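After this come two complexes, each holding chain A, first together with chain B and then together with chain C.
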Partner chain A sequence: MTTFTSRTSAGRRRPFSRPFSWRRAIALTLLGLAIAVSILPFYWVLRTALSTNGSLAANSANLLPADFNLGAFKRVFGLQSASEAIAEGGSGASINFWQYLWNSLLFSGITTACAVFFSSMAAYAFSRLRWKGRDAVFSLFLATMLVPPIFTALPNFLLIKNLGLLNSMLGLVLPYLFMTPFAIFFMRQFFLNMSREVEEAAMLDGAKHWRIFFQIIMPNAAAPIATLALLTFMGQWNEYFWPLLVGTSEESRVLTVGLGVFKSQSPQGAPDWSGLMAATLVSATPVLILFAIFGKRIVNSIGFNGTK
Partner chain B sequence: MTTLTKQADPGLSAKAPRKSRKPGRPSDRFRGIGDLKIALFFIAPAMVGLILFYLVPTIRGIYLSFTEYSILGDPEWIETKNYERIAKDPLFWNALGVTGEYVVINIVLQTALALGLAILMHRVARSTLIRGALLMPYLMANVIAALLWFWMLDYQIGIINQIIEWTGLPRVAFFGSEQWAIPTQALINTWRHMGYTALLIFAGLQAIPSSVYEAASIDGSKAMTTFWRITLPLLRPVLVLVLVVTVIGSFQVFDTVAVTTAGGPVNATRVLQFYIYQRAFNEQDFGYGSALAVILFLILAIVAFIQMKFLRGNQSDLD
Partner chain C sequence: MIKKKAIGVVAAAAVLALSACSGGNSGGSSGGDSAKGEINYWLWDANQLPAYQQCATDFSKANPDITVKITQTGWDDYWSKLTNGMASGTAPDVFTDHLSKYPDFIKTKQLVALDDALAQDKVDLSQYNEGLADLWVGQDGKRYGLPKDWDTIALFYNQKMAADAGITPEQMGSLTWNAQDGGTYEKAIARLTVDKNGKRGDEAGFDKNNVAVYGLGLPGSDAENAGQTQWSYLSATTGWTTTDKNPWGTHFNYDDKKVQDTIAWWASLTEKGYMPKLETTVGANAADNFGAGKAAINSNGSWMIGQYTGYKGIDVGIAPTPKGPEGKRASMFNGLADSVWAGTKKKDAAIKWVEYLGSAACQDVVASKAVVFPAITTSSEKAADAFKAKNVDVSAFTQHVKDKTTFMLPITDNAAKVSGIMKPAMDAVVSGKSPASSLTAANEQVNALFK
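And then the complex of A and B:
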């Protein structure tokens, strides 16, 4: 009862209930402007990708694609020969797209699956189990969030190099495999709020922690686990610095790094703009698809950050 | 003595442990000392990760900062020579200055825009669709944001320069001029993070109970007064979080710089992290790179400490 009343009073306030007000109109215009600034660049990328380089310069402000064609996408997917590319105003530079895509998928997929699972295990120990030194160890994990990635990246690079794992998928994924401090923090927050009753009933039936974790805790936390997996995957997909250091060969290069290389391959003065934009768009596609499917879940996860 | 009585009276021995623990947590009856063993099993993988890729590298990084090390040989202990070199390194001071400029532009622009956006959303439109649209740039990789704007801001045929020309102003060499290079990097970052930051603040706004506003309006408080006296103070914990996240993130700018200007023109965008990268990986000077990384680490720690201390970030006025 109390929760109900407090929710309604804290919930929807509508200061602008009148049918029309100038303040509301201005507010909506500003909001619309912000949305336009956020999403219109994506249209411009698409428009450029569908143009040919030769026509871009002459029609630089035309809202529609200049000389509509799919050549840039063909170039990205490796379906166009170098001579064709140059004829369309491309630089002749190529991008080993399928290889990079596969590497990005492996890198993001493996690290997400392992880190989410191991972090959930640790979060279980930090929330559902009672043991001496628990809070101290947890603070140690939290403290690592303060260490800037570049600081650990230097020694980690040396470690991976000494292990002979440079330019290998194992070298790429290893530092992310076991946990991320954020994932542990995130899962712990949910485990803390789960009811103990089912767990206790299982205990009485003689279930061990391992079974409780797998059959009760994990299934009940499916939603937060999915959210965490989604956020981790997107973060890993967009990762640049570590893959730049460790994955420099064609066999181990991920898309973000590949894009950078593709851009710098263009000789000065005549970048392959439409090819570059096509590659950019295709690289962003997995994230865009995930966002289209799980948008609401992603948006609602933003409020979560330790601030109630 | 006590053990003896316990053994003597089985009724008491059953009660004694329950009494010594706090009541109200029935689960305690089923838990005991045994949890430590199981807990160790559950945190084992995370512990391996923590030790191998966080703790040991932290110590090793600090050690390397006192050495001369070029990967080929062994690290050679040179005491504080790296730090003395840093103090006299004009490129370091330049990097610090450039990074500082970037951080300041980001804080001001991002916080102000996000606060405005959050209030707009809170007042006129809370739909998930709008929030999603604002979040789109944040989901893109830095590299993609960088390339997209590198194209749109191109001096010759970029659409932004076309628009600038229509308004009668001269074209701007966004990435090519020393004066504009850092503000441009900051603008790209602001574009990417504006919506995300706005959503954080928006979540904070929703947590403020409307009763506070009702009381203010009954007392005849004007909109601006309410904003300065009520909204802003009650948002403080969220705003501190936003500031900490923005400052710490901005100090570590790398991706956009690496893909677009690579430190240029001249040294205009040679930010700290890019400078560390160049020293350590391009010039194989790992000792000096590590020392620079230690400095960056210290700066971040101090900034976070000051922000939490003076803005009392972890306390809410709502309680």
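And then the complex of A and C:
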């Protein structure tokens, strides 16, 4: 990053006028390859979504959509009747797209908002407050990051079941609601670097911890909070296993699970590939948009942390 | 009065009362709220959704007090969702049931016995294709489902590939098979296999490690369903049966040389390069491979007709399964039914809906959509006509019923455990890791489940 800026600022910005260099050519080729490799899957999703199901199998090697058709997108948005879908080689299965999208937004939104807020509070306690055994507790907390989520899935499921919260949004969000070790760790690292003088000045002015937290710490941590929120949101948006266990009713089923169910229709039957890909594409869009808007912030905040 | 009480108990403690309900609450129709309101109906096959939606509309028109809400869920998720629903008291009132699953539901008392209601409403059980209705009578002699459709097995093949190989439709329609040399069935499969250099499987210089088109597609070892679509149509022609009796057999026969020879022959196709290796088919879809022109023949069930005829650019022929050593064909005969969940609060309405689903009125609607063969004999003839109108000749499937060459899908207790043992055993044989004789050991484990 630094080398890049120094070069551009040095005013050598006409790469193509420079004499040919092998190093440069190789670097550019590799870069081009890397971009192609990361873009190609997205393109393939789009290409499949724009194809007609019945033609896909016979044209598996064709880069262009097989038998171009927008029916798959119509299916996703519920604009096509089951018999029309079947005629187009779809499965007739409907995906309750808007409901699942809303559920996904709720699930990701609620957990992100709560987890970021409560984790920040915890991080504040772990970084700015002094209390006995603080670092030991924190180590213990950090150690739980080593426990694979699969181990906690069953106990959590039983707990939610006994609370009678299966198939409800509350049951879905509860395990994520308060904090995650990673989020606390992330925020703590940032809070540790904040200067103590400002805080002490505020204390002299009579501010208590609530006020310091809300009026000094939080506003100064806007960048890392945005980063954490975005990372959490993306993680939650893609979460599959827990929503699959807990949210099976229409009212609590999220997009990832909905897509998984949409995939299998009858035993041995092939999935409605174009419908599935169209739905996948549409469901990935919110995260792509978020990333396009806030992507820079992530880089900035991590950069801030790194250079101090 | 007694009934109302029972319903009250169910409402108060659905989970606890499930068992009590199916015993004391099997009366006929009529009576209070139980015959009114909205009932939930589940099915897994999305292709049939439009037909059943039509049935639901017609049904509500005739019974204005009852509405039907249909929910479709993919096969993989259907059963876990259903069992979850039964445990948590949120299962649907009526659902499409499968022969391999319903014994477990009877055992856990999740189904309503339909006998009294059917007797009272005078439902004619002889209208269904022979044997279908009997499949749904449990070991206790009570009836737990009303047949909705049936399926048999045939060979879907690529007509152009067959023509290129010099195999006529007549030849495809009169294949023979035996476990020793595979008969004309193996000859056709070998002829239809083409390697990367264009050499056929029966020609000198055929490269079995670089095959472009397999003669026979393989969607897995199919042990979960007793070889329903993959090898049961062969093993049954040897006179072998999966269990000592059917339904409710308690002894499996995988230690029999007849089935082991069949499986050994079948697995040898992979070795010879005529069928893809098992490991290359995991996660892939056999039907899509057929559609992509990578396999010439796929044996599969009648519920797949729509899938196979839907591929653009592929001219699909449907041939009957080959005749076996005893000069006859064979096909597993399977049928679905609709069952009423024991925890339903709308039992009378639910039974009424099941009776409607099992009636000619609804099954004719299903027939007209040409997706599956309805259980009622006259309706399944209408379905054959509807297929014909779509230019699909389904006689390869119906022939089994006409010629009485069908045998029933084995119905036993412990179905899930049996497939848990048989699948890895069969996978090992098909992938060449174990000899077919290793099935004897698996068979012992299976039989131990019934002791």
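We adopt the following convention: the second predicted complex is superposed on the first by the 263 of 308 C-alpha atoms of A that agree within 3 Å, B and C clash if a C-alpha of one lies under 4 Å from a C-alpha of the other, contacts with A are read in each partner's own complex, and residues count from 1 in each chain.
What we mean here is this: contacts are C-beta pairs under 8 Å (C-beta built on N, C-alpha and C of every residue); 3 or more make two chains touch, one makes a residue touch a chain.
Treat the numbers as computed from the prediction; the structure is a model and nothing was measured.
Trainee: Looking at A:W131, would you say it contacts chain B, chain C, both, or neither? Reply first, second, both or neither.
Mentor: Only chain B is touched by A:W131; chain C is not.
Trainee: If we overlay the two complexes on their shared chain A, which of chain B and chain C does A:S249 touch? Say first, second, both or neither.
Mentor: A:S249 sits against chain C, while chain B stays out of touch.
Trainee: Give one of first, second, both or neither to describe whether A:A222 is in contact with chain B, with chain C, with both, or with none.
Mentor: Once the two structures are laid over each other on A, A:A222 reaches no partner at all.
Trainee: Give one of first, second, both or neither to describe whether A:T52 is in contact with chain B, with chain C, with both, or with none.
Mentor: In the superposition, A:T52 contacts chain C only.
Trainee: Tell me the contact category for A:S60 with respect to chain B and chain C: first, second, both or neither.
Mentor: both
Trainee: Could you tell me if A:L146 is touching chain B, chain C, both of them or neither one (first, second, both, neither)?
Mentor: Touch partner of A:L146: chain B, not chain C.
Trainee: In the superposed arrangement, does chain B or chain C reach more residues of chain A?
Mentor: Chain A has more residues touched by B than by the other partner.
Trainee: Where does A:L166 make contact in the superposed view: on chain B (first), on chain C (second), on both, or on neither?
Mentor: Second partner only, chain C.
Trainee: Report, in rising order, the residues of chain A that make contact with chain B in one complex and with chain C in the other.
Mentor: Residues 56-57, 60, 161, 260, 263, which sit in both footprints.
Trainee: Tell me, which parts of chain A touch chain C in their complex?
Mentor: For this pair, the touching residues of chain A are 52-58, 60, 67, 81-83, 86, 89, 91-94, 161, 166-167, 248-250, 260-271.
Trainee: Within their complex, state which residues of chain B touch chain A.
Mentor: Touching chain A from chain B are residues 26-28, 30-31, 35-36, 38-40, 42-43, 45-50, 52-58, 60-61, 64, 71, 113, 116-117, 120-121, 123-125, 128, 130-137, 139-144, 147-152, 154, 156-159, 162-163, 191, 194-196, 199-200, 202-204, 206-207, 209-211, 213, 237-238, 241, 248, 251-252, 254-255, 258-259, 273, 276-277, 280-281, 286, 289-290, 293-294, 296-297, 300-301, 304.
Trainee: Write out the stretch or stretches of chain C touching chain A in their complex.
Mentor: On the chain C side, the touching residues are 44-50, 53, 71-77, 81, 84-85, 88, 90, 219, 229, 285-293, 300-301, 303-304, 306-307, 310-314.
Trainee: Could you pull out which chain A residues touch chain B in their complex?
Mentor: Per the stated touch rule, the residues are 6, 9-11, 13, 15-16, 24, 27-28, 30-31, 34-35, 37-39, 41-42, 44-45, 48, 56-57, 60-61, 118-119, 121-122, 124-126, 129-132, 134, 137, 140-141, 144, 146-152, 154-159, 161, 174-175, 177-179, 184, 196, 199-200, 203-204, 209, 213, 234, 237-241, 244-245, 256, 259-260, 263, 273, 276-277, 280, 283-284, 287, 291, 295-296, 298-300, 302-303, 305-308.
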